[in-house]
Amino acid sequence: MVAAERKGQPERDEERIDPRARFAQMEGPHSEKLYAQMRLIRRFEEQLLERFDRGLLVGTTHAYIGQEADAVGVINHLRAGDVVFSNHRCHGHYLVWGDKPEALAAELMGRSGGLVGGRGGSQHICDGGFYTNGIQGGIVPGALGLSLAKKVRGEDAVAVVFIGDGTLGQGVLYECLNMASLWGAPLLVVLEDNGWAQSTPSYREVAGSMLERARAFGLEAGEIESTDAEAIYNHFEGIVEEVRQSVRPRLEVIHTYRLCHHSRSDDHRPAEEIEARRADDPLPKQRQRVSEERAAAIEQAVERRLQQAFEAAEAQPQPSVDQLDDPLLRGMPGPQS
Amino acid sequence: MVAAERKGQPERDEERIDPRARFAQMEGPHSEKLYAQMRLIRRFEEQLLERFDRGLLVGTTHAYIGQEADAVGVINHLRAGDVVFSNHRCHGHYLVWGDKPEALAAELMGRSGGLVGGRGGSQHICDGGFYTNGIQGGIVPGALGLSLAKKVRGEDAVAVVFIGDGTLGQGVLYECLNMASLWGAPLLVVLEDNGWAQSTPSYREVAGSMLERARAFGLEAGEIESTDAEAIYNHFEGIVEEVRQSVRPRLEVIHTYRLCHHSRSDDHRPAEEIEARRADDPLPKQRQRVSEERAAAIEQAVERRLQQAFEAAEAQPQPSVDQLDDPLLRGMPGPQS
Amino acid sequence: MSQTVLESLNQAMHRMMQEDERVHLIGEDLLDPYGGAFKVSRGLSTAFEDRVWTTPISEAGFVGVAIGMAMGGLLPVVEIMFGDFVLLAADQLINHGAKYAWMYNEKVDVPLVVRLPMGGRRGYGPTHSQTLEKHFLGAPGLAIVATNPFVDSGQLLETATRYDRRPVLFVENKKMYARRQRPIQGGRCEAMAARISAGPYPSVSLSFGGFETADLTLVAYGGMAELAVEAAERLLIEDERYCEVVVPTSIQPLEMDAIAQSVARSGHLVVAEESPGAGGFSAEVISALPAAAWAALRAQPQRVSALNLPIANSTALEAATLPDVGDLLEAMRRVLPASSSRSATG
Amino acid sequence: MSQTVLESLNQAMHRMMQEDERVHLIGEDLLDPYGGAFKVSRGLSTAFEDRVWTTPISEAGFVGVAIGMAMGGLLPVVEIMFGDFVLLAADQLINHGAKYAWMYNEKVDVPLVVRLPMGGRRGYGPTHSQTLEKHFLGAPGLAIVATNPFVDSGQLLETATRYDRRPVLFVENKKMYARRQRPIQGGRCEAMAARISAGPYPSVSLSFGGFETADLTLVAYGGMAELAVEAAERLLIEDERYCEVVVPTSIQPLEMDAIAQSVARSGHLVVAEESPGAGGFSAEVISALPAAAWAALRAQPQRVSALNLPIANSTALEAATLPDVGDLLEAMRRVLPASSSRSATG
């Protein structure tokens, strides 16, 4: 009897690509790269929303507008073999990680060339070590388990899981903080505290202290209140390495703000509050660090790229419905010998 | 259309009985009362285990031997309208609260006169505001909800929920700490830390700090390391009142030890450890506070009472199986007008 | 024009909270102006501030809290934002709320309502489109009630909340919210002959041809009910066959009378549900047929259900996965004898 | 004497962990000398210290951790202490582990095994005696395999762990652990003619009379299998009727071939399960009968299942609630024609 062979897993090759190398088409200094990534996210989301308004998409979407600095500040520190688990608000994380706007757009439009063939849509994508799901908090155990698998296999990898402040309500998160701490998991929980969970302000759903919640389970925890991409990038430089080296879990809070509605048209936050936070928009902050000329060039390049991406995505066919066989039947083990 | 009438609920009358008055047959000074209660618990458990060994009972049971001081130290502060949620290790809690050894014994033997007619057994009992269930942690939301219902109805009541150190593993507990804190619930979580969860020592399942876990959610929290019934009693005097007056939740840890196996025959803890802890047996400690004469009288009375209780329980018939109709059919609402 | 299902439910919530102060509402994002994800709860927090509990994202916890509230004399209604999240509360529902009444020897009851917006066809993808009440079939003590446009949805919710002492999963359907109620009056519902059974959770029988003529019985509930009616109409137009549609609202315990009576007349049965078939509603209907109805069967009953796949985001995949009018028609044609003229048994 | 089911499972765990270092074990109280509540895991932590993860009491969390481990190239086996606690992990299983392979367009698979000790008759009361796998029927992507003494239990577990890329609920039965394996050899199992189907999760057919003579097909799985055999023997002795017992191990997807073939021969069907019937295994078997088997039916199939109640502590109540040999016999007598001589179709 021979050991079962692990079936070919296309994404495992992808995982071997260093995410830091992915954003190749945007060469140039660090500041420009960060701006270009953020600009890509921002314009992707804006164009997506505009297409929703035009009725080109169905379902819903959660835009990342206002939080772009988090994604670029964290994910740019990851390398080949690391993995990311994200949530409903995942487009920004993904565009930094995977940098495939066409495949993402196609996914959101339910097209065959989408990241997961149109099966998942906005909240349920997967690409080369990047995973999202639409159940708040439910991704955390998977992230923990994958981080432990990598540890067991002797990989030097880190798993990053992004959660929101509202997701602090889910009990399974604490089960995982406990196990991560007991077992020494290389898991970095990045808590994007944007002050709101859907229509609910934090003070109505988070009692006590976010940081202390992690520390009480024996995790190191820290925080940064910023929408400055470089500040966040610098802040996480040591943190990601520390998790990798110490092989201990950590929770890091980024206090930020979302400048758009929760999903598509549901924003009842006080207008003054939103207005006041516009000054924190991470994009102008980063743009200032780049020459006007380079900024304009980046913006043009992003526009071109996105136009192509959306057009190409739109041109893709819907996935075929011919082979919708039950995965259970397909997955049955074959005869053994 | 008239509002539905609440169906008659026998236990709600019970709830009106002040638990402090229940232990009537054991009159006398406070120290004697505590000793008598503890002795009742201890001997109940011992006789129960002995009956298990003789094959008179089926299933399993979790004895409270060694932790008696917790039950008497906490529950004697409760009064009419208060409620208790307990767990798998509930006999001690119940005997202080409800003081009906015959009905408890009958329940464990699956007899018709058992606390819940033989339906629940050891882990699933209910009597006048006292509830237990066999899913670790699963009782906490119910306790929280009931405490809130009482608050809403203007009752001046406290809900006490007993959990063990191992139960800190359940995520729903933290969901409840959060809600209890946000909503100001008169909920007292009593954490009986006996150092072990079944075969697992605390250090293998509890990372970080028990107290900080509660504080991180905005609860007051405290602890006492003792098996001295009067010390625990005095410690909880102010605590129960504080929860009642402040209408705020609190978690209180009692560091203790179980001197028996986890359930029936499963004790693999180091023999030296158990031996060392025998000195902490709460019963001799309390007995010292009572005259030899009174102690002997109490012990005799307990023996008599338990003998009667077990004999009467054994004499009870098994519950009738004639009317096992589906509760869903019975519970259907009648025609409205 | 009649109310929408959404309006009917929302108004019932207002009415109940007005008339009975024991009614409390618990769930996520309930406060006005948002008023809950699907707006069934709109206006309630403004009118009854103290009795609307907007919660953290803690489905297990707040369902359990509602169980405790119900034990404490309140009549809680829980809103689960998307019915898909009810699995997080499976333990609280099955091992706690549903067991207490019987396990505690009827010393307590747990008059709890958990509202579940279920169903797909809105492009929400795999974790926001499911029809999951099937997983609670056969959980002792747990009632399942599903509304549909042919019954008074608000009245049904009120019965569950104020007159029912059992824990009830109250199944709604996201796509149905915007549909209008289609009331039955004087034995008719629009162009159809219509019957509604007595009892707190009625079953509705509908027929374009009147109840004298029935070639086939099509059973469907919740979000499938209107598709079934559409399929019945097409069967009449295209094949000149009479299909009687039976729509139960009491899914657990399953109300079989109207179904059995119809099958006894028609001799042919198709059962539909929006979820995958295994261990579901259709299997239960087929297996629970009383002997007389069984004896009347002239062909093997057919199930129409979703493919055994997650519900994709892609419109094409989602449509191919979920059962539609075409699937119903196809099943009906499979079960009906190719040639025979229609039956005319009374 | 053959091994017990417990020994077979325990040895398979040892064998697998020895042969494949990707196999990890996760669950509560696994460490020696305790070795897990029912001792299936005994000795493993001593032999494979680094690959046995004894966990906090966090069923949702550690099932999810195992899902992540499976995605990361390990082959985790989860032990849920009592199968009753699996409801705490319902969301992780249904909305995460079972969905990933298809939802992520087959970019990943989740080769996970979750062992579930199910069943009553040991006096453990309402939250420690249930048979809950039925609640996972119709969850796309989630396989359910149930062992029984007539198949090699250890081999079945090994197939699930090492050869199956799907998430599998592996259903054991507490009462069965102490039972001996009853191997099939040379077409016989003790006094019975025996067949075992091909494929990774075989169905077993057993008959005291040989497969030429079948008056009735009795389908049962897991803990009900041996009761079914007992009932078949009594039916032969007391009524001189031949009952063929069919025991599937692949419960989801449900392997119907052996069942269908038997029904085609016998024309009479009784299906048994230890859980309440609604939306369960029996309903699925009856509804999934292929057309030919259906056409062969000469009477309405009957279900034998638990009463729709929690499982009481009291021995008398528990026994009255759970289906036993007497219930099986009664159902068989109900379905068999009172007079007719037995069929003799090949």
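We just call them A, B, C and D in the order they show up, numbering each chain from 1.
Everything that follows uses one rule, which is that a contact is a pair of C-beta atoms (placed from the backbone, for glycine too) under 8 Å apart; a residue touches a chain by one contact, two chains touch by 3 or more.
The model shown is predicted, which means the values in this text are computed figures rather than measured ones.
Most remote from chain D, judged by the distance between CA-atom centroids, is A.
When the C-beta pairs in contact are tallied for A-D and for A-C, the bigger tally goes to A-D.
With centres defined as mean CA coordinates, chain D is found 40 Å away from chain A.
Distance between chain A and chain B, defined via averaged C-alpha coordinates, is recorded as 46 Å. Separating the centre of chain C from that of chain D, both taken as means of CA atoms, is a distance of 31 Å.
With each centre defined as the average position of its C-alpha atoms, the distance from chain A to chain C rounds to 37 Å. Residue positions of chain D touching 2 or more other chains: 55-56, 58, 60-61, 84-85, 88, 91, 95, 99, 102-103, 126-127, 140-141, 252-253, 307-310, 312.
Annotation for chain A: residues 117, 119-120, 124, 133, 135, 168-172, 175, 178, 182, 204-206, 326-328 touch two or more other chains.
Residues 168-175, 177-178, 181-182, 204-209, 212-213, 215-219 of chain B touch chain A in their complex.
Residues of chain B that touch chain D in their complex: 57-60, 107-108, 110-111, 114, 117-124, 133-137, 166-171, 197-200, 204-206, 266, 268, 318-319, 321, 324, 326-328.
Those residues of chain A whose C-beta lies close enough to touch chain D in the complex are 1, 3-4, 6-7, 9-11, 115-117, 119-120, 124-127, 131, 133, 135, 138-150, 152-153, 171-172, 175-176, 178-179, 182-183, 326-329, 331-336. Residue ranges on chain C touching chain A, taken from their complex, read 28-29, 31, 33-34, 37, 54-58, 60-61, 84-85, 88, 122-128, 307-310, 312-317, 319-321. Taken in their complex, chain C has these residues touching chain D: 84-85, 87-88, 90-91, 94-95, 99, 102-103, 126-127, 132, 134-141, 252-254, 275-284, 286-289, 291, 294-295, 300-301, 303, 307-310, 312.
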